[in-house]
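Each of the two complexes below includes chain A, the first together with chain B, the second together with chain C.
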Partner chain A sequence: MTPTLADPETISSKAKSPKETLKRYSGWLFVLPYLILFSLFLLTPLIYGFRLSLYKSELLSLSPPRFIGAGNYAEAFRDPYFWKAMTVTMRMMLLVTPITILTALGIAVGINSLPRKRQTFFRSAFFVPGMLTISVVGIVWRWFYSPEFGVFNAYLGAFGLRPPWLGNPAWATLAIVIMTVWWTVGGPMIILLAGLQNQPEQYLEAAALDGATAFQRFRFISLPLLRPVLLFTIILNVIGAFQIFGQTLLVTKGGPEFGTRTLVQYIYDTAFNNYRMGYASSMSWILFVVIGAFAVIQFRVLREK
Partner chain B sequence: MWLNLQKRFLTITARIGISAILSFCLTGCGTSRNAPTLIRFWNGFTGPDGTRALQIVRQFNQENPDIEVRMQRIEWGTYYNKLYVAGIGKRAPEVFVLHTSALRRFEETGFVRPIDDLLGDFPVNDLDANVWDATVYKGKHYGLPMDFHPIGLYYNRKLFREAGIVDANGEAKPPRTKSEFLEDARKLTKTSNNAALSQWGYAYSNAPLHVYSLMKQYGGKFFTPDLSKCLLNSPENVAALQFCVDMILKDKTAPSPDASDPWIGFRQGRVAMTWNGIFMLPDLQKQKDLDFAGFPVAQIGEQSAVQAGSHNFCLNANMGEKKRNAAWKFAKFYSDHSLDWAEAGQVPVRKSLRQSPRFAKMTVQSQFANQISYGAYFPQIPFNQEFETEFNYAVERTLRGSVTPKEALDAATAKIEQVIARRREDRQSVTGVASP
Partner chain C sequence: MSLERTELVVGEKRSPFLTWIAQGIMIFLALLFLMPILLIFVTGFKADAEIVRFTGILPHAPTLANFERVLQTPEEFPVFRWLLNSIFISSSVTLLVLTVDSLAAYGLARLNLPGKKWVFGLIVGTLMVPGQILLVPVYLILNRLGWLDTPLALIVPAGAGAFGVFLLHQFFVGIPRELEEAAALDGCSRLKIYWHVVLPLSRPALATLGLFTFIGSWNDFIGPLVFLDSSEKYTLPVGVAIFQSSFYTEYGLTLAASVLCTLPILIVFLLFQRNIVKGIAMTGLKD
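Presenting the complex of A and B:
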């Protein structure tokens, strides 16, 4: 409820009884615990990080942090490693997001077509990987990809195929993408499934009566109705894909030849291997802006017209 | 009514809270009076070496009830980051391990303490001079060396015998010279179309350490003495790296790095020779069906040299006398038990202990120990991590054939020069004087 000028309550707000004041602010009281945590652990570091990004702040340095304005940002744009990491990140995002969303949609549609009673099992089965921590996933998948003992090459070897999974940049990228899809497909799947199940059945029934095929019903009824949910999952997934870190750190360590070192990992390396906090903060902010821009663009493009 | 309930709830919870705090304090204060001195000991021994280290720590704790050493193992990959940050936050452990090449970085920060005043009756002359001297910074020793861990040659004796590379007694004969090394690698290589069935004379299971050893053998330099200039792309270093690439691309006696895991290849008996650290030994000892042995690396260049590292006990600069003495006592104890530590794949740096029959029985360690006098640490510079990142990247790109040795080393040199320039600028802003 948004108060307007014509709202008598707003106009006479000064003359309100204490009970009404309490009522007015009770909403704030409910969100207060979250707001405190949010400002303490998200907003403050965010602002502090921005301030840091304008300083030459290096833990190894003997001099105190020094204000250098946009110096760190300028360095990032000149730094070939930054661009390499940015390219890797973009490539990962462009591969991970469509594959994840399409797979999730496929699974959701599949599960939705089952009788309700049987859905529970499949829903949880596809969701379970996402409940594992990345350290577990990373260690297990590193074994999966082992050229000698890995489960993939054990089966592919039967067909004479022995891909060097983590051996060169292209294969390693693919390996990270497959693993990421497996790990993260459950979340969007659940959301899309819920979206599908919330759709009014009448539309589909009416279309079926008019002789629409299953594909036509999906394409012209379910999919358009799913649009807001899809938009939501895509944006969330893009944000997640931009921040891929654990997978590459644990499975490839960013290699070979930094071919899978994502921006977040480069930021980590800069901050905690080389202790260049200012420079790392500036790159974090660039990433933040890029993610924000992507989210806005997607919102504009996919929003219902 | 509602208010009343709330009040009662609050009083009750408050009472519970206070009594909990009281009882915690009472029991806590009670035990702390005669509690042993706590020494936190951080290291990166997350492999089998950690089990061995823990045994030594346990023995120390048993023999010294007044001290309790608590060991914390952190993967080397993140160990230095965590240690450094802990140090900055004044929460560094009392005792921690630093590699010799990492010492400079930490000495500059001031949270490592020189140990010269603690030495007392410690038999300094029993330590290998080059290992002990490497801990000196501005005239003081900043760590007590625990060990020496060079790389060395691991070779598969069965494959050597099959290829007829044997001495007068019919025993496998490892290469000592450049020509022997190249010839043996050729004789031991049997490539087939199926990569999984190929047998390789050599494999780069730890390429950066291998390349660094060769660069040192070729007489390569890495920095000017005042650290003002990086010399990584000098002709000697380029030639050393070229030699390594040639084994893959020209001689085809070593597999390309993306084909398979070279270390696993050696364990499977598909690789006849590989240079790797002595710390990899426990991995091979687990494998009973592998007939392997260790030997010093061949001399390929003009001089003997081999990459090596040493772990050093380092003491936190900010601790009281009681903790300091306890920490030093522990460091000394560990050094005295160097032979137990050597079992985990290390060479003791106490000369007297190396002469013991027990050490003679550790055949691989004994062979690798012959390299102590010409062991070469990675450059001891404050920006060692930046250097090693660039160095490893250059080696990796070259051995994969993505770039030539010269291109890779030029690029790495340029990157390291940037680090040097940043440091110079930093120093200037502090002292007003240009110094690296």
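Presenting the complex of A and C:
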């Protein structure tokens, strides 16, 4: 995007009249409306949020916000609820991301093996859960998981199984993971499918002529070619998994024993139930840094190989 | 074109038996994925007694009672009002995003603006910012503006996202210069070129962005949960969640409310699934 000699506008504008210069600058008017919104509701909150994290700022307290430096960050590192929420978040991410991506990949490969005419239906079928709002998803899955009235136990009961779906932290975590995979698998599936269909045919044909089996063609040709797309979906999914909130708020309320309260939910509780805005902001920034670090590490590790 | 060749390769190596097994598994999985949605719709027509003792997917004695009750509780649960709020907010957000983002993307992609490289870099850089970390500061800013508990709180901040500017910028950059130059020679102003040349050529990208924005706004749960207070201002997703916490075990009622919340978006999806799917595929293939 650097101006090159071939760009006539760039050369001429240097020596042009004030009128031309004015015209060049006035083009910014097109960008201005967006820039106002961008500054007010993206840049400002970003900086303001960081500043806030350095203050003891409590909406319900009578004393005005007070600068405490890294005090909120220090509190977070001592706060057992923070660590609990961080552990829950990590655990969710470590379960949700691999399961979602592997399921998405499996479905994408499955759809790709079907005749093109039939693919549209399947693509939509696996994607449509993601079209629902989280509150509807929450209502349905709460009902599914209900020990007495639930659909799952109605079927599993026939085999004498009655898992306490939301009754203890381990089962509740599993329950959240299952519904999250169902809800979010469509996006990565579509991206991976497009990646598969974008691959040059020649390689696969050549391999087929050399007698490679379908599995070998996938393992040694499709999968390596898919690497950048796979990396993209994994990073996107990790960023999303770190921010799981609606599911736990609506289905488990973070329980039992805070066993499913994610970091974003703890931040929400801190800010909007206890009105401790400074402390909530510091935890937001910790989350931001953790997400950023994970993205960079993944990018390095998966790129290198 | 290339699709016959693929099938040739695949068909050559695979026995028809395996192909049938693969298709069978895919159909089974697809039905499994669709089942929860089917159940929302079907169960809304069941009486509570039948829901509580789950004996089969389809209702034995279909009834409209749940829907009637949902629509007849306007006092604390103005479902119809929530529907109107949702339509108003999502449409406004979509209009705002399309207008502001396409103007900005035109400027950044097609005009020779001094310093635009830096500004575009800054905008794209914020794509990495997870939305949740802005929740608290945006809440405080809205509080200072006096916009909390008004539709403005959900509409205006939604125009700040960088995704649309990025998407349209990438599309606008690909439009051939000659069309623009011809229009300029005819004496068209930049605003006219934007309106008569760039926008009409960008319908697919605008449609994709419009759909994503509308669906995202319609389904937004955390925004209205945090920024709105009075129940008559709620959007459907928050209204339905509140509904559920009040009619805890009345599954029929909450599912009927869920149907009303889901139906519009499913219709949008069915009408535009091609654009939606293509749009998502596009985001993944841009390296």
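Note that the second predicted complex is superposed on the first by the 266 of 305 C-alpha atoms of A that agree within 3 Å, B and C clash if a C-alpha of one lies under 4 Å from a C-alpha of the other, contacts with A are read in each partner's own complex, and residues count from 1 in each chain.
In this section, a residue touches a chain if its C-beta (ideal position, glycine included) is under 8 Å from a C-beta of that chain, and two chains touch if they have at least 3 such contacts.
Source: prediction; values computed, not measured.
**Q** Touching A:233 in the superposition: chain B (first), chain C (second), both, neither?
**A** In the superposition, A:233 touches chain C alone.
**Q** Is A:256 touching the first partner chain B, the second partner chain C, both, or neither of them?
**A** Only chain B; A:256 stays clear of chain C.
**Q** Given the touch rule stated above, what does A:90 touch, chain B (first), chain C (second), both, or neither?
**A** Neither partner.
**Q** Would you check which partner chain A:61 touches, where first means chain B only, second means chain C only, and both and neither mean what they say?
**A** In the superposition, A:61 touches chain B alone.
**Q** Per the contact definition in the header, classify A:290: touching chain B only (first), chain C only (second), both, or neither.
**A** Neither: A:290 stays clear of chain B and chain C.
**Q** Thinking of the overlay built on chain A, is A:147 touched by chain B (first), by chain C (second), by both, or by neither?
**A** It touches chain B, and chain C stays clear.
**Q** Just to be sure I read the superposition right, which of the two partners does A:162 touch: chain B = first, chain C = second, or both, or neither?
**A** A:162 sits against chain B, while chain C stays out of touch.
**Q** Quick one: chain B or chain C, who's touching more of chain A?
**A** C
**Q** A:272 in the overlay: touching chain B, chain C, both, or neither? Say first, second, both or neither.
**A** both
**Q** Determine, under the contact definition given at the top, whether A:110 touches first (chain B), second (chain C), both, or neither.
**A** The second partner, chain C, only.
**Q** Return the residues of chain A at which the contacts from chain B and from chain C coincide.
**A** Residues 148-149, 272, which sit in both footprints.
**Q** Any idea which chain B residues touch chain A in the complex?
**A** Against chain A, chain B makes touches at 77-78, 80-81, 84-85, 88, 105, 108-109, 195-196, 257-261, 264-265, 268, 382-383, 385-386, 389, 393, 396-397, 400, 402, 422, 426-427, 429-430.
**Q** In their shared complex, at which residues does chain A touch chain B?
**A** 58-63, 66, 146-149, 157, 162, 164, 167-168, 253, 255-258, 269, 272-275
**Q** Help me check something: in the complex, which residues belonging to chain A touch chain C?
**A** Within the complex, chain A contacts chain C at residues 1-3, 7, 9-10, 13, 24-25, 27-31, 33-35, 37-38, 40-46, 48-49, 52, 107, 110-111, 113-116, 120-129, 131-136, 138-144, 148-151, 154, 182, 187, 190-195, 198, 201, 204-205, 208, 213-214, 228-229, 232-233, 239, 242-243, 245-246, 250, 264, 267-268, 271-272, 277, 280-281, 284-285, 287-288, 291-292, 295.
**Q** Okay, in this complex, where on chain C does chain A touch?
**A** That would be residues 2-3, 5-7, 9-10, 12-14, 19, 22-23, 25-26, 29-31, 33-34, 36-37, 39-40, 51-55, 99-101, 103-104, 106-108, 111-114, 116-117, 119, 123, 126, 128-141, 156-157, 159-162, 165, 190, 194, 215, 218-222, 226, 236-238, 240-241, 244, 249, 251, 254-255, 258, 261-262, 265-266, 269, 273, 276-277, 280-285, 287 of chain C.
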